[in-house]
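These notes are about the structure you will find just below.
Chain nomenclature is as follows: A, B, C and D, assigned in order of appearance, with residue numbering initiated at 1 for each chain independently.
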Amino acid sequence: MMTLTRKILPTRSSAYRALLIAAPIIACLGSAPALAQNTPQDGVHPDRVDWGVLMDLSGPTSASQSIWVAGLQDRIRMVNEAGGVHGRRINILAEDNRFNAATDRIAFEKLVSQTPVIAISGMGTSASQVALSPTIRAGKVPIVGTYTSTKALSEPVSPMVYNGFCGYKEMAQAGVGHYVDRLGLKAPKVATVAIESAGGKEYHDFIAEAVAKRGGTAHHITMKVTAVDVTPQALELMALKPDFITIYGVPNTAILTMKALQQYGVKIPAFGITYLGAPQIFTAMGPEAGANYTFASCFTPGGSDTLPGNVEMMTFAEKVGRTAIREDINYVAGWVAGQMISEALQRAGREATRAKLVESLSKGFTIDTKGLSAPIVYTPQNNTGPVLFRMFGYDHATRKFTAFGEYADSARYVQ
Amino acid sequence: MSDLATPKPAAAPALPRAWPRRFILWGLALAALAYLPVLLTERMIFGIYLSNMTLLNLGLSQVNLMLIAMLGALSLNYLTGCAGLISIGHAAFYATGAMSAAVIGTQLGLPFPLVLIGSALAGAVMGVVAGLPSLRVQGLYFVLSTMAVHYLVAYVFLEYQFRVFDVVGVPFGTPSLFGFELSTPMRWYFFLLALVALVYAGLSNSLRSREGRALLAMRDHERAATSLGVDVRILRIKAFGLTSAIAAVAGTLYAHYLSNATSESFGITFAIQFIAMIIIGGMGSLKGSLIGAALWLLLPSIITGFAAGFGGGSGIVGSMLGEHRAQFVQLIFGLLVVALLIYAPGGLVSIGPKVRALLGRWRKG
Amino acid sequence: MERAVDDILLSIEGLEIRFGGLVALQSVSFTARRGDITAVIGPNGAGKTTLFNCVTGMYTPSAGSIAFAGKELTGLKPFEIARLGIARTFQNLALFEGLSVLENLMMGAYGRGRSGLLEGMVRSRRAVREEQQARARALDMLALLGISELADKRPGELPYGAQKRVEFGRVLMQDARLILLDEPMAGMNAAEKDELVALIRRIRSTLGVSFLLVEHDMPVVMGVSDHIVVLDFGRKIAEGVPEAVRRNEAVIAAYLGADAPEEALHGMPGATV
Amino acid sequence: MLGQVLFSGLALGSIYGLVALGFVVILKATDVFNFAQGMFVVCGAYLAVTALSLLGLPFPLAILFIILGAALMGMGVHAALIRPLSGRPILSIIMVTIALSIVMRAGIEILYGPAGRTLSTPLPSGGFLFAGLRISQLHLTAAAVSWLCMLAFGLFFRFTSVGLLMRAAADSHEAATIAGVKVDAMNRLAWAIGFTLAAIGGLFLGQLQIVSTELETIGLLALPAVVIGGMQSIPGAILGGLLVGVIEQLASTYISPKSADVMIYALLLVILLVRPWGLLGQKAINRV
């Protein structure tokens, strides 16, 4: 570094020089902790193993994505407190992509070669998933537990990618199936309220497909992410009179839609995507509007049942002071992803490398979340992960989520 | 450290004549620039493995994106710093470049050199259109008109993306320049380095020629420039066309580098970052644009690296770094910009001479 | 006074300009002959600088005509007028702070070049040639003005007198046929004034340039001018050779009130600003 | 349907107008085009969260807390950033307000976390039917309070001695200084008022929406509002705000939600080209 600096140093103008004088100072500071250990290629050290997370921690979607990261880190903390995996502590390197494809590429490269990790979780920005998918598929670092899944990354199935979140396609099928049966509809008329984004259109297409199979029609209504008032959308919904509504977007999308419908005295049932499952969303809607709202989820929100997985998570979250967010669905999803990480490392064996990890995962594996999620099964032919869903509502009186039926119920809707 | 802090100490008497020394230094600089991508890829030097923080938490993609940003910063500084036209529309020109590349390259499948030429032309046309309000309004009003242009272009991009392409964005293939495929970051690096050098040389040449000088004159005293026969209205439009052509090319490269672009890639914050770069580096200084772009693209990562290094600590600072490292980086960065604006209004290029004077005094005394 | 028609370089006829309700110039007519040094004088607010701005196209007159060498100027843009061969200095210096003294002068040669931004970028043959010519001429001009050593300085680093010279040099670089000087003597000491007067005379005789100047320094005006036009409250109140103007009752009245003695005009303070 | 859309547009527009009014006060006094106005709105919303949810203050006290807090912050911003930069080129000043919004966003996310919060106040939130229109009480309250604030500010500006001094200082700094007006104090006051008006806007926006830093985008709609109405004009800001609100709702209803921004900025562009001084502004464009 010093040689390098000295080479550049005298050639440029004075300002450059000033800048470059600072560089070696910083470099020296930086190298002090660095000299202490030698970083091996795959992120596996004698006492710890490095695992990367690529998520939006300060951008527009950080409100949900950072909670997912918190859940993941808490689960890993629990694992580490119990002695880690194969005697190694799991060290999570969480990189912030600021919901920006360029930052994502930089961070991805960093996790692959600069501070090498054995595998990566998260990848919450779909645009950069698409951009990076050729690199990931041709590369050596597997993506275990994605936060969102795009076709480009997950189709065709690759031993490098393991979905970790509820898929939109199955979500649409399960949600539509559930509501059509519950309301006893013949030719359902459905409206998708979605933010104007790429994902919104994609989700609407899934809904339309599922509705068409049952002989119904689907309408797409869009909304700005930053909407303050949704009168136009509410009026459109009232004119349309759908049998039920499905909502895609940010918490605000669901809250404003439900509140506006309540204002007009309209009681149309609605279900949101999994990401729209947080107690704050229901409290913001209020008991009246919230009564018509549910969300489809392949994860069981904290506190909604007393199965061991749920209890374990709630207890640990309480212990580490995460009571404010432990009921958020993103926290549960992160927690489950954390479990995926520890079990994947378990499989990779004592002498884990990236190649060994990929090899062991590619044979297929199952995650037993002890009731905290729908069954998670990966086979060499299918890495979709959780595909079954339940609808969850919220009881404002007890401040608890309530589930409709069992995960297995949705098996008949999902193809 | 001390011998590093004083750039050319006793070397001067050893090489009395000025030009060979300069020649050697240029050679060394080129060698260093040529070696940099190898260093950042191999992450070792002379067989010694270098830790991530020794390399300042930097990677080659970052350097490449910095080089692309340099094109944007250079062109904006030429427009704003040299011609005196403030524009918040730079993201729109990037988007124009990306869009025309999508039409020419992705849709029509024409070769990459044609894509570059086409997007430069589209950018120039867009720049002329965006510059037209400058015939009517000036100052703040003009700033806002460029902002309006930004929203119009962003909307067109959004519609284009949704109507023509898949929902996840506009795809861009691997560019190939006469058989030289830009398939690895290393190849990109050398291509971009050459391009930045070319654009830099071109712009600084133009500033030392008849019309370029007239731009500076127009910025300093419009009426006096007019009285010398300068048609400032045409000159402004020309400057707009030229700089947006460069920005559009940068946009094309940006989109190709990421291989996928969405309308969200070119938001208003994207445009604002270029303004920040030129203010940090130094308004009206092409060199400053390079420094500003380098700082803007590299510093967050460096701060992040250090924040991660100290993140294990306890107490308020430790927990802040652990929980909110991303926000902490933004905070530091914002404060840095504020401090620079207040204490170094001429940008970093202006503190260079001051630092040198200080060092000189320190060496003597 | 009779004047031959082909001798007339600048002819102003019934010039009038209004700003809102304010009449800044009212039916002003006069002519300036080729090769003459014509002075426009008058108390503050008389409309002298406004007149300059009309001639150079910065203001559009409400009525009247301005003809330069037989060509109508009204309606032309300032840069077009400049390209016809009218150069000007400004009342408050108008140098380009971001350019060096040499580059300021080189800007004066702008009108003679043709190369554009793109040619400059690639350093086309024409751009390089124009560049070299402009540089050579600017260096000559600096030598002529006796400020060669200032070539690389920024205007802001120079004393006022030197800045005035730079501006004067830039105007000379334009190869104009008519040069408008707006208070060229303001802020100069006696020696500098003498020098400038000598320079103006020399330029006139060697290059055949005509001058139109606004000046407050009466001794200078009386000494250097061939012809004087007096404005007051936007009207022309007198015109003629210096001697005639000096004796004109209306002029004396305008400057000092009706009863002022004639001698007052001799010792009129240089800067009444 | 049109009536319903117009009502919500006007109600929203009233809030935008209030925020835009704060913007103009700052612009008139200190010539600063404040890109941080959107973050001021966010600050107002978080002040409300602090007062109501964290401190649990009773509603009237909470309002006082918000107003005082916002005024103090406005003065702080002026003292720390704006005064040291007075006389600098407009781009530097624009940039410092942008940097300020970056710092404020980061600070808020560190203090309150990135997740949004819901704001519940005792303000009425139901609805009723009036002449065939369904009127949301919250919208109505927001509009009414905005108009009250604007009226109060108008009266203050026109009829009180401090308001007179502020106008004098805004018209000509030099003349006001000579006349013995403490221009600096007036500027500080202008920033305090500008921040407070934005904060009140934030209180309502936070309630209509969810309190998060994303409210900034909505607050920044004050920019086009101000230009459309007339940059130096106080009634212009209010008119501009109303227009932006109505256009937004009309475009969302009859074209598509994503066209709303384009429509607003297209109008802005037309105004700039045809009548750059805005609908109610005065033709003094070279002053800028």
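Assume a residue touches a chain if its C-beta (ideal position, glycine included) is under 8 Å from a C-beta of that chain, and two chains touch if they have at least 3 such contacts.
Small disclaimer: the values here were computed from a predicted structure and weren't measured.
J.: Determine the set of chains touching subunit C that also touch subunit D.
T.: Joint contacts, listed by label: B.
J.: Out of every possible chain pairing, name the one holding the most C-beta contact pairs.
T.: Counting C-beta pairs in contact for each chain pair, the top pair is A-B.
J.: When you average C-alpha coordinates per chain, which one falls nearest the overall C-alpha average? Tell me, please.
T.: B
J.: Find the chain most remote from subunit C, comparing centres computed as mean CA coordinates.
T.: Chain centre farthest from subunit C's centre: A.
J.: What's the distance between the Cα centroids of subunit B and subunit D, rounded to whole Å?
T.: Measuring from centre to centre gives 33 Å for this pair.
J.: What whole-Å value do you get for the distance between subunit B and subunit C if each is reduced to the mean of its CA atoms?
T.: 44
J.: Report the inter-centroid distance (CA atoms only) between subunit A and subunit C in whole Å.
T.: 73
J.: Spell out, as numbers or ranges, the residues of subunit B touching 2 or more other chains.
T.: Subunit B, residues with two or more chain partners: 158, 327, 330.
J.: Tell me, which residues of subunit A touch at least two other chains?
T.: Expected reply: 57-58, 62, 196.
J.: What positions in subunit C touch 2 or more of the other chains?
T.: Touching at least two other chains: none.
J.: Could you list each pair of chains that touch one another?
T.: Pairwise, the chains that meet the contact rule are A-B, A-D, B-C, B-D.
J.: Report the residues of subunit B in contact with subunit C in the complex, numbered from low to high.
T.: 202-203, 205-217, 219-221, 223-232, 238-239, 242, 284
J.: Can you check the complex and tell me which residues of subunit D touch subunit A?
T.: Result: residues 1, 4-5, 7-8, 11-12, 106, 109, 113-118, 125-127, 134, 136, 139, 205, 208-210, 212, 214-215, 217-218, 249, 252-253, 256-258, 260 of subunit D touch subunit A.
J.: Which residues of subunit A touch subunit D in their complex?
T.: Residues 57-58, 60, 62-64, 66-67, 196, 222-229, 231-233, 235-236, 251-252, 255-256, 263-265, 280, 283-284, 286, 325, 328 of subunit A touch subunit D in their complex.
J.: Which part of subunit C faces subunit B closely enough to touch in the complex?
T.: Subunit C reaches subunit B through residues 56, 58, 77-79, 82-83, 87-88, 90, 94-99, 103, 106-108, 110-111, 113, 115-123, 127, 130-131, 134, 170, 174.
J.: Touching subunit B in the complex: which residues of subunit D?
T.: Against subunit B, subunit D makes touches at 33, 81, 84-85, 88-92, 94-96, 98-100, 102-103, 105-107, 109-110, 114, 223-224, 227, 231, 258-259, 261-262, 264-266, 268-269, 272-273, 276, 285-286, 288.
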